[in-house]
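Dropping the structures in below, format is structure tokens.
After this come two complexes, each holding subunit A, first together with subunit B and then together with subunit C.
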Partner chain A sequence: MAEEVVMLTGNHSVSEAVKRVKPDVIAAYPITPQTAIIEYLSRLVDSGEIDSHFLRVESEHSALAAVAGASWAGARTFTATSSQGLLYMGEWVFWTGYARLPVVMAVVNRCLAPGWSIWVDLQDSMAFRDAAWIQIYNKNNQEVFDTTIQSYRIAESKDIALPVMPCLDGFVLSHTSSKVILSDPEEVYNFVGDYSDPIIEIDTGKPFAYGSIVMPDKYNKDRKDLMEAMERAKAKIKAVNKEFSETFGRSYGNGLVEKYGDDDADLTIVGIGTMADETQQAIDMLTSEGLKVNSVRVRTFRPFPTEDIIDIAKKNHKLLVIDRSVSFGHEGHLQMEIESVLKRNNIDTPVIGKVMGLGGEDVPYTRIAKVARENL
Partner chain B sequence: MPTTLKDLMNNPKEALLKGHFACAGCGSALAFRHAIGAIADKAVVVIPACCTSVYQGFGRGVAFNVPTINVAFASSDAVAAGIKHAMEKKGKEAHVVAWAGDGGTADIGIATLIGACDRQDNILHIMYSNNVYSNTGGQRSGDTPIGARTTTTPFGNKAQRKMVPFIMMANNASYVATASVAYIPDLVDKVKKAISYDGFKFIEIDASCPVAWKSDSADSIKVARLAVETGVWPLFEWDNKSNKAVLSKRGSKFRNKENRKPIEEWLNIQGRFKGMSDEEIKNLYADVDRQWTFLEKFLE
Partner chain C sequence: MTEKEPSMPILYPIEGAAGLTGDWRTQRPIVDPEKCKMCNICWQYCPDLAITAANKDENKVIVFDYTYCKGCGICASECPFGAIHMEKEVD
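Right after this comes the complex of A and B.
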């Protein structure tokens, strides 16, 4: 079976990637808009197309607990969730991150209640930015497919050993079909490799205790190690992006950020997710009007691309940061991080923040262009 | 052949090593030693927040001689199921045990317990019940008997006891048993029998807690034995193939009320029941009767 070019939703793009990496254990609980991912995978498992164990658990809390258990036992794992489901598994999101288990969990971004709404914003995954997970936000369904594959290479590297959360905007990507190149299954599997030499593995007759009481000195050492692994992950994500490009001919900026347009712009629009992709159209429109603008898409929110942000701020004149999530009582999450990076590095490039697109609000490129013009 | 005390003394594989932190007279530590000791060669133990997550010791000095994974409170069975599925996929044999207290089983853990049972995940859940949240200082749990003074029921618990074994029978676990730290060979036999079943297995152990029960640590076995002899804690096993319950040899005669000691004998050696009113005692008797009435439906 060779490469295929198909029209595919974001959810199916995740499933097609997971099918190719062949996880040993999958556990999941349904929530809109994640459902199609796990429906497709359960069909693949029950029909024998993939040789995985699929646990249909009674809650998201148990979904992540079960894949964490499997990961401790040395298995390759997968789960997926959204919104309230992510919050409900919250205890395990931190547990998995702090345990440094190489779990891959697709998060289909959906806003939080009340009131009930199933549409996109990034409030759900942003709430877990401190949970020691690598978070990679995607712009289209091709990237969703590619990032899901890359996630395993990153998570399962022994020098990284961190869970990875590929994030895709609910409905905008999850339920919208677009062209996706599905790479050859064997090539994909070869790219991720098997997981026969796991990071951690339980064997009977080999007693060890994981997660028992720890004193402050050891606790702090573990957290310092975690911070260093996150730092190393930046180079790993870049390297995997590069190697993926060499193998499959597709890449996403340098892996951490994707720049669009020329440097030395009067205004640089920084964004994340599909809104940052939409921004590229706004850049085309504004450039054709003779304005000096460019854009940056933050692909990896954790680890945060500090060095890239410094470089971008130094080479341009003003940053307009567009967030699709907000910390109430403060400001947008992306803006917060960027301001902190600039302040720490004594860079005085002005930063303007704008929160848009909450609760699935449609943000067309014309509106982004309008906001840009207002701030030029 | 039923296990004898001599067999226990000669068990070549010690599950609980020196250096654990359990209190003197801890029923849980005693039960762990023998229940897990019976299957130690192939055991993997998953422990949610409970006394066992503390008394195992810390750092490199953990006193458990089996692979041990400590996990979040409401998730022991989900983690155990994940481990078991992963090991099956890798072609490894293991007896994966979720070892949880009454809080982690009957209360916060009950959704994941029943979820694993629904799927017939091939694991054993051992609930050691000290009838209280011992690890946090003795608050009422769903398994606290009527009348017990706990730190959150300072004037006596009014709620009925949650009989998790019956819930697991109704939910078609493959094997369900009750056991007591007063009858260790019986406990060991039940653990060995449980692992011979495919699917989800459940055992609840009445495990004395001198701290929460305000009893003498030297009386831990005596209190547990009195629970059986007064009928408070029926010892039985049941499986889903026969849908029949069988009373354990040591507890069978207490089916007949005339053979039971008065519940007051069990109450009086524990400080937690001090000051119980006649009405509370009446309610406790009624709650014990309720348990037996349910169990009788499954006895020959």
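Right after this comes the complex of A and C.
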């Protein structure tokens, strides 16, 4: 079987990637807009197309607990969730990150209730930015497929050993079909490699207790190591992006950020997710009007691309940061991080923040262009 | 890139990980060899693995390990034959 070019939804792009990576254990609980990922995978398990153990569980809390347990046993794992389901998992999201388990969990971004809504904003995964998961936000279904594959390479590296959350916008990507190149299954599996030398593995011949009480010195040692692993992850994500490009001919900026337009602009629009992709159309429109604008898409939110943000802020005159999530009582998450990076490094490039697209609100490029004109 | 193992909260079982807990004892269990039926119920209940099980084949009753026995008295409480009683530590 060779490469295929198909029309595929974001959800099924995740499933097709997972199919090629061949996890040992999959557990999940249905929630809109994630459900189609798991439906597709359970069908593949049922028909024998993949040889994974599929655990039917009674909640998201159990779903992540189950894959974390399997990961401890040395298995390659996968789960997926959205919104309220992610919140219900909450305890295990932190446990999995702090335990350094290389779980991969697709998060289909959906806003939080109340009011009840099933459409996209990034409030759900942003609420877990401190849970020690690598978070990679995608712009289209091809990137969703590619990032899911890359996630295993990153998570399962011994010098990283962190769970990875590939994030995709609900409905805008999850339920919308677009052209996706599905790479050859064998080539994908070779790229990821098998997980025969796991980060941690339960051994009945040499039993151990995991996560029992520790004194503050050991606790701080583990947390410092976690912080260092997140720092190392930046280089790892870049290297995997580069190697992926050499193997499959597709790459996403430097892996951490994706720039669009000329360096040195009067205004740089910084965004995340599909809204940052939409921004590229706004840049084309504004450039054709003779305006000096460019854009940056933050692909990896954790670890945060501090060095790239410094470089971008130094080269440009003003930043317009567009967030699709907000910390109530403060400001948008992306704006918050960028302002902190600039302040810490004595860079006085002005930052303007806009929170747009909450609750699935449609943000067309014309509206982004309008906001840009107002702030030029 | 050199591979670095993650730092994790892992503990491997070792004898006496919490120190010589026998020092904590204010009373000690004493077995009456005449009453002990070698059923090993006390051995199952002991939370500190401080009892060596009885062996019926060799006619050996249970033995307490006073290096680690904290003197909690669960064994005396659980023994169905009243074969274990607690005595105050003298010093």
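Here is the rule we go by: the second predicted complex is superposed on the first by the 376 of 376 C-alpha atoms of A that agree within 3 Å, B and C clash if a C-alpha of one lies under 4 Å from a C-alpha of the other, contacts with A are read in each partner's own complex, and residues count from 1 in each chain.
Everything below uses one rule, namely that a residue touches a chain if its C-beta (ideal position, glycine included) is under 8 Å from a C-beta of that chain, and two chains touch if they have at least 3 such contacts.
Because the structure is a prediction, the values reported are computed rather than measured.
Trainee: On the A-aligned overlay, A:S47 touches which partner chain: subunit B = first, subunit C = second, or both, or neither?
Mentor: neither
Trainee: May I ask you to decide whether A:K236 touches subunit B, subunit C, both, or neither, giving the answer as first, second, both or neither?
Mentor: So A:K236 only meets subunit C here.
Trainee: Thinking of the overlay built on chain A, is A:G205 touched by subunit B (first), by subunit C (second), by both, or by neither?
Mentor: Touch partner of A:G205: subunit B, not subunit C.
Trainee: A:K218 in the overlay: touching subunit B, subunit C, both, or neither? Say first, second, both or neither.
Mentor: Touch status of A:K218: both partners.
Trainee: Check the residue A:N346 against both partner chains and state whether it touches subunit B (first), subunit C (second), both, or neither.
Mentor: Neither partner.
Trainee: Looking at A:S288 after the superposition, I want to know if it touches subunit B, subunit C, both of them or none. Which is it: first, second, both, neither?
Mentor: Neither partner.
Trainee: Check the residue A:K158 against both partner chains and state whether it touches subunit B (first), subunit C (second), both, or neither.
Mentor: Second partner only.
Trainee: Based on the A-chain superposition described above, do subunit B and subunit C contact any of the same residues on subunit A, and if so which?
Mentor: Comparing the two interfaces on subunit A, one with subunit B and one with subunit C, the shared residues are 206-212, 214, 218.
Trainee: Where on subunit A does subunit C make contact in their complex?
Mentor: Residues of subunit A touching subunit C: 99-100, 157-159, 161, 199-200, 206-212, 214, 218-219, 221-222, 224-226, 229, 232, 235-236, 239.
Trainee: Contact residues on subunit C for subunit A in the complex?
Mentor: 1-13
Trainee: Sort out for me which residues of subunit B touch subunit A in the complex.
Mentor: Subunit B reaches subunit A through residues 41-44, 46, 53-54, 56-59, 62, 64-72, 74-75, 77-83, 85-90, 92-95, 111-112, 114-115, 118-119, 121.
Trainee: Applying the document's contact rule, which stretches of subunit A touch subunit B when the two form their complex?
Mentor: Its residues touching subunit B are 24-25, 27, 51-53, 55-59, 61-63, 65-75, 77, 91-92, 95, 202-215, 218.
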